[in-house]
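Common to both upcoming complexes is chain A, partnered first by chain B, then by chain C.
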Partner chain A sequence: MRLWLTPVIWVAFLCALAALLPAMAPLFSWVEGGTDNLIYTRNSFYTLLQSHIWLVLASATMGTLVAVSAGIFVTRPAGCDFMPLVSQMASIGQTVPPVAVLALAVPAMGFGEKPTLFALILYGLLPILRNTLAGLGGINPAVLDSAKGMGMSSVQVLFKVELPLAGRVILAGIRTSVTINIATAAIGSTIGARTLGDPVIAGLVNGNTAYVLQGAILIGLLALATDSLFEALERTWARAFSARAHKA
Partner chain B sequence: MPSSTGLPNRVIPVLALAAFVLVWLLNLGVVQPNRIVAGAGYGLFGATGWLGAGIVSSLLFVAVVLATKPIRNRFWVLSFLLTAALMSLPLLLEVFALRKLPADSAYARIGIGAGFWCLAFFLALMLLETLSQLKASRRLQLSVVLLVAAGWWLCAAREGLSSLSLIREYANRADQFSQALTVHLSLSLGAVAISAVLAFGLALAMVRRERLRRPLLGLVSFMQTIPSLALFGLLIAPLGALSAAFPALQALGIRGIGWAPALLALIAYSLLPMVRNTYVALMEVPEPVVDAGRGMGMSERQVFLQVKLPLALPVIIEGVRITTIQAIGLTAVAALIGAGGFGTFIFQGLGQAAMDLVLLGALPTVFLALAADAILSALKFQETPR
Partner chain C sequence: MIELKGVTRRFGEAVAVDNIDLTIETGEVCVLVGSSGCGKSTTLRMINRLLPRTSGEILVDGEDINKADPEALRLNMGYAIQSTGLFPHWTVARNIGVVPTLLKWPAQKRDERVTELLALLGLDPETDARKYPHQLSGGQAQRVGVARALAGDPNILLMDEPFGALDAITRENLQQEMLRIQRQLNKTTVFVTHDIDEALKLASRIAVMDQGRIIQHDTPEAILRRPASAFVENLIGKGDRGLKLLALRTVSDLMERHPEPRYSEPGSDSLNESDSLRIALSMMLWTNTERLAVLDATGAEVGIVNREQLLKVGA
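On to the complex of A and B.
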């Protein structure tokens, strides 16, 4: 349980700050004197935080579903012809900067939440796909053979052997994807998605450093809280596995 | 594993079918009365008539036949065909402009539709698959890419495509474009160079003192976790305060916005991949090799310069590759804090809802990242001991 203490503290800190920032106007008058607009008020920080998290969560779920099923498909006999192309696409695609994907989604789909979500899913599934391929490909063939020798069907081998063994690597891919997407979603403010990037962009446009700081602090905290959540998740996963391996 | 060359290939038919469906369903191009107004879209048949639609469809059909029938040298023929098709793809837009652009309107322009991009994308995937079936050498792959780039370059320079809105946007700001290129390259490459020097020092320190490893790696990966927009934003206040306090800094151009915070943030982001790869590379040099060097009477300095460093170089270059690609993308974001570069076009275009200005910023950014990837991968390959 001690494992989950750090993420809980980060999340509590993030929520508390989102609630308390509006009361900290005197503090921000320090950086941005000479104006009465010290606190970003167009939306509450909670609303922004919520829709930011929603965007990242939705894209991570969709991306994981698509990437893991694609990864499973190309490692089965039926789809192995597609393996070279898919793995090349995953690595070439990651060369394209996320901000360019975001920008290119606008000519295709217009402004708003939809193109942001689309770009997040598209870009976010690449690291997951890559890690799924690495995880499934890195399993010792002898393990698979002995699973088959025990009389497991290929579906059983997939769900009871391959996915649990590849799980940690896939989880690391999801972590990378979520880290990138928290940053990209913030930039999504420029194409009309409602995220914690809004105060930053508004502050940059109006030359209001207080707005910029409020957005930046919350985005940074969100990223750190999420990262520590994944850290705890990865450790729990690893612990569960080594425990089971010891019992066996 | 790739199927042996005698068997029917299943990948190319799937790609060709997808290309066929999308190019017939989506708009190949758009005719816009002026820069901002969304224009009227034309499908493949509407845009290029029987001739264009026929050529595109039969090309895809021939590709399917070649991929599935046991014809000798079919993948060579296919790669030749696909390269030629990709090279001359912009001619479709030229035909479209000839047929549909109103001759009397000076502001009318043609835009590229989703159908065109899908066709280009799927043709490129088919070419990629063909080249991997041929087990093409790096040199062959590179020449194919260069041929396609040259084809597009030649097409773009022709009079027939001068009404393409992307080219119009470029013509309007050719000076700004070359300036953006300079700024973009010097910011991202400058950050990579500075962080390479810093990272090398940090990695050496970590190799010498094991105690430093955890805190240093923790610090650089902490910085990598902070989203770019947040880090750029957080740097504005302190740098602004510094520049207000010291007029000498202000004279150098160091302010809360502009190149200074951008460069700082880019360096901070570049440190993690650089430090990690350099450290891992230096640690992974096999001990027996180092001992052999010492046994030959080399000094520690010689062992480092003549044994460790050359062996570590490929992994270090891999770090530089990751860092450079990342820095090129982040420099585009830095345009939000006034650092310049291609991001300026992207965010200006988004602000004015001028989609071709967005493309004028986004496409070169993608191109720069892909070029950096190709160059550094080739360098890494060359330095890998065999």
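On to the complex of A and C.
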């Protein structure tokens, strides 16, 4: 259980700070003197945090579903013809900046959360897809040969052998994707999604550094908390499915 | 009984297995031997349909294997390979229990079977069962591989160079165990190896393969005495053919049996009933004697081997 201690501490810290920030006005007057608007008040930080998390969670779930199924599909005999196409798309897609995806999504889908969600899903897909391919491809072929030779059906080979063995690498891909998307979601504020990027954008527009700081600190903490959550998750997975971790 | 009739396998233009006919009787150990790339592994993998055949027929107990469901077919054929292919995320016990689990045996029956097999293969059911594959030595991992192949009590055992990656001593030990297990279980076995000594030791019949064809299919003794071609002669090694022949038979085949067991003086040179004639000859040369006493498992002297007789057999 000690494994989960660090993420719990981070999450508690994040929630506490979101609640206490409005009371910390004197602290911010150091940074931004000469104004009364020291604390961002258009929405409560909790509301922003909630909708930020919702955006990331929804996009990560969708992205994982799509990327893992695509990764599985192209490693089956039926889909192996699509393998070069899909892995190429995965690497090319990574070179397009998320802002560009957002800008392109607006004319098609209008302002708000929908285009942000779309961009997040699209952008978060790629690390997961890449790691799914690496994880499934990295399994010792002798293990798959014997699994098949023992009499497992392809579905059994997938769920009993391939996914447990590739799981840790796939999980690492999801971790990268979610961490990137926590940062990217903030940009969604520019096209009208309600996220922790709101205070940052408002601060930049009005020249108020205190706003910028408040948004940035919460986004940073959210990223840290999520990352340590995944760290614990990966270790738990390793304990359940991979022998290496038993030694440690 | 496994019958291959005119079986051919092509990979693109290349012919890996070229129109072979082979019959493997129930309970016999058929060893496919040849250099790498001769098609022996391909032949083995066609029997459990890991590879489809290009043409020909493969029958198991008279039934065409293509008519059966491939998974059901494989569940009834134990499969052990050189690199073991143990599941790295499962314990030894779970690895061995994989086929019983697939066959939906009740948990208790499966656990009993796992314990039984660990003991049969000389592994400790208490400590080794809980280990993970990476914690095993090469020899232990291969024992687990063989145990896993036997777990579902299959009628047929397919082994693809299972001892190929082991050191000489471990390999020798595992070959002895194989012989012992085979005497106990009598599985129809197809065993692939490139090591002619391993083939001579384990086989009831050997099929020598070269360039996708079977050059000779016969008992080890017949292969040694009447090699069908220069290739076979080369493979078995002309020089020590006599010794290899002696290695095929045990002392108990040849000894003059005493009417009643005697008790010899302890410390004198003697042989065991299960020793090969090759060992008997070596011992005679070493001690420079004409006759050696043969002891049974309890240590009682049950017979005598003499050199003249032994030399006659080798010829």
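The rule is simple: the second predicted complex is superposed on the first by the 241 of 248 C-alpha atoms of A that agree within 3 Å, B and C clash if a C-alpha of one lies under 4 Å from a C-alpha of the other, contacts with A are read in each partner's own complex, and residues count from 1 in each chain.
One rule holds for everything that comes next: a contact is a pair of C-beta atoms (placed from the backbone, for glycine too) under 8 Å apart; a residue touches a chain by one contact, two chains touch by 3 or more.
Remember, it's a predicted structure, so these values are computed and weren't measured experimentally.
Student: Do chain B and chain C fit side by side on chain A after the overlay, or clash?
Tutor: On the superposed model, which is not a single observed complex, chain B and chain C fit side by side.
Student: Between chain B (first) and chain C (second), which, if any, makes contact with A:66: first, second, both or neither?
Tutor: Neither partner.
Student: Pick one for A:58: touches chain B only (first), chain C only (second), both, or neither.
Tutor: Once the two structures are laid over each other on A, A:58 reaches no partner at all.
Student: Have a look at where A:82 lands relative to chain B and chain C in the superposition and call it first, second, both or neither.
Tutor: After superposition on chain A, A:82 lies in contact with chain B alone.
Student: Looking at the overlay, what does A:15 touch: chain B (first), chain C (second), both, or neither?
Tutor: Neither partner.
Student: Please work out whether A:164 is in contact with chain B alone, chain C alone, both, or neither, and reply first, second, both or neither.
Tutor: The answer is second: A:164 touches chain C but not chain B.
Student: Would you mind checking which one, chain B or chain C, touches more residues on chain A?
Tutor: Partner with more touched residues of chain A: B.
Student: Figure out whether A:216 sits in contact with chain B (first) or chain C (second), or with both, or with neither.
Tutor: Touch partner of A:216: chain B, not chain C.
Student: Quick one: smallest Cα-Cα gap between chain B and chain C in the superposed arrangement, Å?
Tutor: Shortest inter-chain C-alpha distance (chain B to chain C): 11 Å.
Student: List the residues of chain A that touch chain B in one complex and chain C in the other.
Tutor: none
Student: Which of the residues in chain B come into contact with chain A in the complex?
Tutor: For this pair, the touching residues of chain B are 1-3, 9-11, 14, 114, 125, 128-129, 132, 222, 225-234, 236-237, 240, 256-257, 325, 328-330, 332-333, 336-337, 343, 346-347, 349-350, 353, 355, 358-359, 361-363, 365-366, 369-370, 373.
Student: Help me check something: in the complex, which residues belonging to chain A touch chain C?
Tutor: Those residues of chain A that touch chain C are 140, 142-153, 156, 161, 164-165, 241-244, 246.
Student: Mind listing the chain C positions that touch chain A in their complex?
Tutor: The contact residues of chain C facing chain A are 48, 50, 71-75, 79, 81, 83-89, 98-99, 102, 132-135, 148, 152, 158.
Student: Quick one: in the complex, what on chain A touches chain B?
Tutor: Touching chain B: residues 31, 80-85, 88-89, 92, 95-100, 103-104, 106-108, 111, 179, 182-183, 186-187, 190-191, 197, 200-201, 203-204, 209, 212-213, 215-217, 219-220, 223-224, 227 of chain A.
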